[in-house]
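Read through the structures below before going on.
Across the two complexes that follow, chain A remains constant while its partner is chain B and subsequently chain C.
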Partner chain A sequence: MDVIYEWFRLLYQETGINLPFLYDEYDRNRMVDGFLTTVWLSLVCLFFSVIIGVIGAWLQGSSFKWTRRFVNGYIQLFRNTPPLVQLYFFYFAIGTLLPRVENDWGGQSPILGSFAWAAISLSFFAGAFNVEIFRSGIEAVPKSTVEAAEALGFSKLQIYRDITLPLAFRVVLPALNNNLVNLVKTTTLAYAIAVPEMLYEANQIWSDNVNVTEMMIFLLLAYFVLVGVLVGAMNRWERAMKIPGYG
Partner chain B sequence: MKNRFLAGVATTLLASALSVAAASADVLDTIKERGTLIVGVKADYKPYGFLDTSGNVIGIEPDLAKDVADKLGVAIEYVPVVSSNRMQFLEQGKIDLMIATMTDRPDRREVVLIPDPNYYSSGTNILSLKSLGLTEWEDLRNKPVCGIQGAFYNKATSQNYGAEIVAFKGTAEAYSALKAGNCAAFVYDDSAIVAKTNDPEWADYEMPLQTIDDAPWGLAVALGEENFAQMMSDMIIDWHKTGRILELETKWGVTNTPFAKAMNEKYNQ
Partner chain C sequence: MSWNTSDPMVSLKDVHKSFGDLKVLNGVSLDVMKGDVICIIGPSGSGKSTLIRCINALNDIQQGSILVEGQEVNDPKLNKLELRKKVGMVFQQYNLFPHKTALQNVMMAPVRVLKQDKDAAEKSARALIKKVRLEGKEDAYPGELSGGQQQRVAIARSLAMQPDVILFDEVTAALDPETVGEVLQTIKDLAEDGMTCILVTHEMAFAREVADHIYFTDRGVIVEHGPPDTFFKNAQDPRTKEFLSQIL
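Coming up: the complex of A and B.
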C-alpha cells in the first residue's frame, strides 16, 4: 500500500499534480472520514425520507380533514423553501431554542449536533417530495383493485400495506430514484453547518495545500461513483420487483 | 466625453512614465507642500481602526498615523482601506502611508516598501467560556473547536493539539455556534478576539491561551520612497523604545501583547 502512496508523492514532485489525500496520512484520514460521513448521512436520509414518504402518502388519504391539511402544509413548507435555508433554520434557529445538555468537556451544548440536524432537515426535505411521489403511485393503482380488497374484508391499513403500496412502489421507483439521487447530492449542503462530509474535508485539504483544481476533479469523480452505485442498486431492485404483465 | 477620457488615459500613462523620475522628487516634499499626510487605515477592525459614533476614524493605527503627521508638522487625513485595495491605493498614490493591519509577507514586499522593524504582530488564539477554565492548547484535545473555513491554522490546531475543528463559512456563524455551545472554543486571530473579549455581550468569554503562529504586521510606503521609509523605520523604533505601542494598547483596551512587550524590552537594552 505504501508503495502506491509514495508513487503519488512522486507524482506531485515530478508533475505538480498534488493529491495529498493519497500520500499524506493526515489528509488521507480526513478524506476517508469525509467519505464515510457522506455515505452514512446519505443512508440515514434515504431511509428516513422514504419512511416519511410512505407514512405521509398514507396520511394524505386519511378521512380526517385536519390530517390531510397537516400533511399538505408540511409538503408546501418543505418543498417551497431552499434546502440550505432549511438547514440554517434548523441548526441556528431551532437548534438554539432547544434545551441544552451537559457535555463531556464541562460546557453546555445543544441537544442535537450538526450531523443530527443535517439528517433531520434533509430527510424532511426529500420526504416532502417522496410524499408526492408515493401519492402519484397510489393514485395509479386501479380503484377496482382497492374495491376488490375491500370486498374481501381487508381493513384500511391492510389495503394500504398489502395491496396499494406494493403496487404503487413499482410505479414510483423511477421517480423515487431521481429524488434519492438528488438527495445524495444535496448532502453536500451539510458543509454549511460544518458536518465533516466529503465537500467539507476537500475544502479543508485544498485550503491547506492550494490544490483546488485537483480536489474539484476528485470530488466530481467521487460523487459520480457514489451516485452511480446508488443508481445501479436501485435499477437492480427495480428489475427484481418487476411483476410480469404489470406496469 | 471621449476626448476627456483619452486625455485622462494619456495623463495616466505620462504620469506612470514619469513616476520613476518623480520618485526622486520624494513624497516627503509633496506632503510638506500639500500640508497634509494622507494615511490609509482600516475602518472595520476594532480597536485597530474603526469608526466612532460620529463617523470619525479612530483607533490604535490612526493614533500612530497622527504621530507621523505631528512629526512632519502637517495635518492628517484618513482614507479607509480594506485588505483588497490597500496596496493598490499606495501604488496609485492615493495615500502616502498605509497602516492597515497588514501581515508582513515576502510577496507583499515586492509590491510595496515595508520599513523594518515590524510595528505590531498578531497570531492565533482562542475565544472560550471562562467557566471551561482552559489554560493550554493541549486542553483542546478531542473537543470541538469552531473555526473559519480556509484558515491556515485549522490544520495546525487539529494536528498538533488534537482539536476537532468545526469550520464555518464566516465569523458570524462561528460566533453564533460558539455561543450556542456547539464548540468549546473558537480559533481565530488574536487581535480580533481581544476586541470581542472587551464587548459586554461576550463578558463570559476569555482568550486564555498563549498566542501561537505569531505573524508580524508591516506598515508600508510606496516603492522607491527610501527617505520616507527610513524616517518610518526610525519612528517605529521610537514607538517601541518609548512604549508608545504599549500605551496605545492600554488606551484602546487591549491587553499588552507579548510582541509589543518584547520589542519594548529589545530597544531598551
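Coming up: the complex of A and C.
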C-alpha cells in the first residue's frame, strides 16, 4: 500500500495533480469516513423509505376517508416541494423546536443531529414516491387472485403480506429501483446541513489543498461507481425475483 | 344453532341480490344435502356465478337467507373465516398464486389460516397433488403448468382446507377441449368420495352423469329443477326447452 501512496505523492510533486486523500493519512481517513457516511445514510434511507412506501400504500387502501386523505396530503407535500427545502425545514424549523439535551461537555445540544435529520427528511422524500409506486403495483394485482385468497379464509393483513405485496413488488421493481438510485444521488443534499458525507468531506479536502478540479473528477467517478454497484445489485435482484412463466 | 346431517348442508331461501339498480337474483331457493352433487345451468348473465359466490360471502345479499350447516351467511356479524373453512371454491380462471409453486399453493392456506404444522401440511399437500394426478409437478410454478394442470392444483388447494362443500364456477370453461376431461375426472372422483359439490357448468353430458339434481336459472330465478333424467327428458318450461335445444 505504502508504495502506491508514495507514487501519488510523487505524482503530485512531478505533475501537480494533487490527490491528497491517497497519500496523506489524515485526508485519507476523511475521505473514507465520508464514503462510509454516504453508504450508511443511503442504506438507512433506502430501508425507511421502502417501509414508508409499504405502510403508506396499505393505508391508502383503508376504508377511512381521512386516513386516505392524510396519506395523499403527505405524498403531495413531499412530491411538490424541493428536497433541499424539506431538509432545511426539518433541520432548522422542526429541529430548533425540539427540546435540547445536555451533552458530554455540559453544554446544550439538539436531540437529533444533522445525520438523523437528513435520514428522516430523505426517507420521507423518497417514501412519498415509494407509496405511489407500491400503490400502482397493488392495483396491478388481479382482483381474482385476491378473491381466491379470501375464499381460502385469509385475513386482510395476510392477503396484503402474502399475496398482494409479493406480486406488486415484482411489478414495481424497475420503478422502485429507479427511485432508490435517485435517493442515493440525493443524499449529497445532506451536505447542506453539514452531514460529513462524501461531498462534504471532499469539500473539506479541496478547501485545505486547493485542488478543486481533482476532487470534482474524483467525486464524479466515485458516485458513478457507487451507483453503478447499486444498479448492478438491483438488476441481479430483479432477475432473481422473476417467477418462471409469469410477467 | 345446531345442525345435523339430515338437514340441508346448504340452504338458500328467497335470496335477492342486486348490483346497484341491476337485480341479479330475484328470490332463489335451493337445498343441498350432505354428499349431494348439484349442477346449476343457465344462459350467460343469468346470475349463476353471483349465486354461488353468495354462498361463501364473496358477494353479500340484500334479502333472504343462506344457511351453511345451520350458520346464517346473511348476517353482518358473520365470521367469514369460519364460513370459508367449511366452503371451498374453485374458479373459472384457476386464480392460483403465481409466485408460489404448486406445492406451496396447496399448503399455504392450511399453514396460514388453519395454523397447521408445516411438515404435516406439506405431507397432506403432497398426497393431494397425487390425488389430482399431478405427481412430479410439485415444484412447478403456475406459469409452467397447462390450464388443466393449474385447475387441478386449484382443486387440490381447495381440498387442502378440508371443506365440507366445494363451489365450482365453470371450472372447465377456460380450458382446451383436450384438458377438460382430466379436470372433470378429478371432480368425478371427488363426487364419488362423497364430497358435497355445487357446480356451475356448461358441460351437459357431465352434469347428466354426476349430478344428483339440476337447477336451471334464467334472469335471476330458478325456472326449473329436477334429477338429471327427468330434467333432460321432460323439461316443462319453454325457457328451459329453448336453452336445452341450443346447447345439446
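As a working rule, the second predicted complex is superposed on the first by the 247 of 247 C-alpha atoms of A that agree within 3 Å, B and C clash if a C-alpha of one lies under 4 Å from a C-alpha of the other, contacts with A are read in each partner's own complex, and residues count from 1 in each chain.
What we mean here is this: a contact is a pair of C-beta atoms (placed from the backbone, for glycine too) under 8 Å apart; a residue touches a chain by one contact, two chains touch by 3 or more.
Just so you know, these numbers come straight off a predicted model, no measurement behind them.
A.B. asks: With both complexes superposed on chain A, which partner does A:Val172 reach: first (chain B), second (chain C), both or neither?
C.D. replies: Touch status of A:Val172: no partner.
A.B. asks: Quick one: is A:Leu152 in contact with chain B, with chain C, with both, or with neither? Answer first, second, both or neither.
C.D. replies: A:Leu152 contacts chain C only, not chain B.
A.B. asks: Check whether A:Leu19 is in contact with chain B, with chain C, with both or with neither, and answer first, second, both or neither.
C.D. replies: neither
A.B. asks: Answer with first, second, both or neither: which of chain B and chain C does A:Cys45 touch in the superposed model?
C.D. replies: neither
A.B. asks: In the overlaid three-chain picture, which partner chain does A:Gln108 touch, first (chain B) or second (chain C), both, or neither?
C.D. replies: first
A.B. asks: Taking the touch rule as given, give the residues of chain B at its contact with chain A in the complex, in rising order.
C.D. replies: Going through chain B, the ones touching chain A are 129, 131-132, 143, 146, 149-152, 154-155, 159, 165-169, 173, 176-177, 180-182, 184.
A.B. asks: What part of chain C is in contact with chain A in the complex they form?
C.D. replies: Checking each residue of chain C against chain A gives 56, 58, 80-81, 84-85, 87-89, 91, 93, 95-99, 108-109, 112-113, 140-144, 154, 157-158, 161.
A.B. asks: State the interface residues of chain A toward chain B in the complex, per the touch definition above.
C.D. replies: Touch list, chain A to chain B: 26, 92, 95-96, 100, 103, 105-110, 113-114, 192-194, 196, 200, 203-204, 207-208.
A.B. asks: For the complex, which residues does chain A have touching chain C?
C.D. replies: 142, 144-145, 147-155, 158, 162-163, 166-167, 170, 243-246
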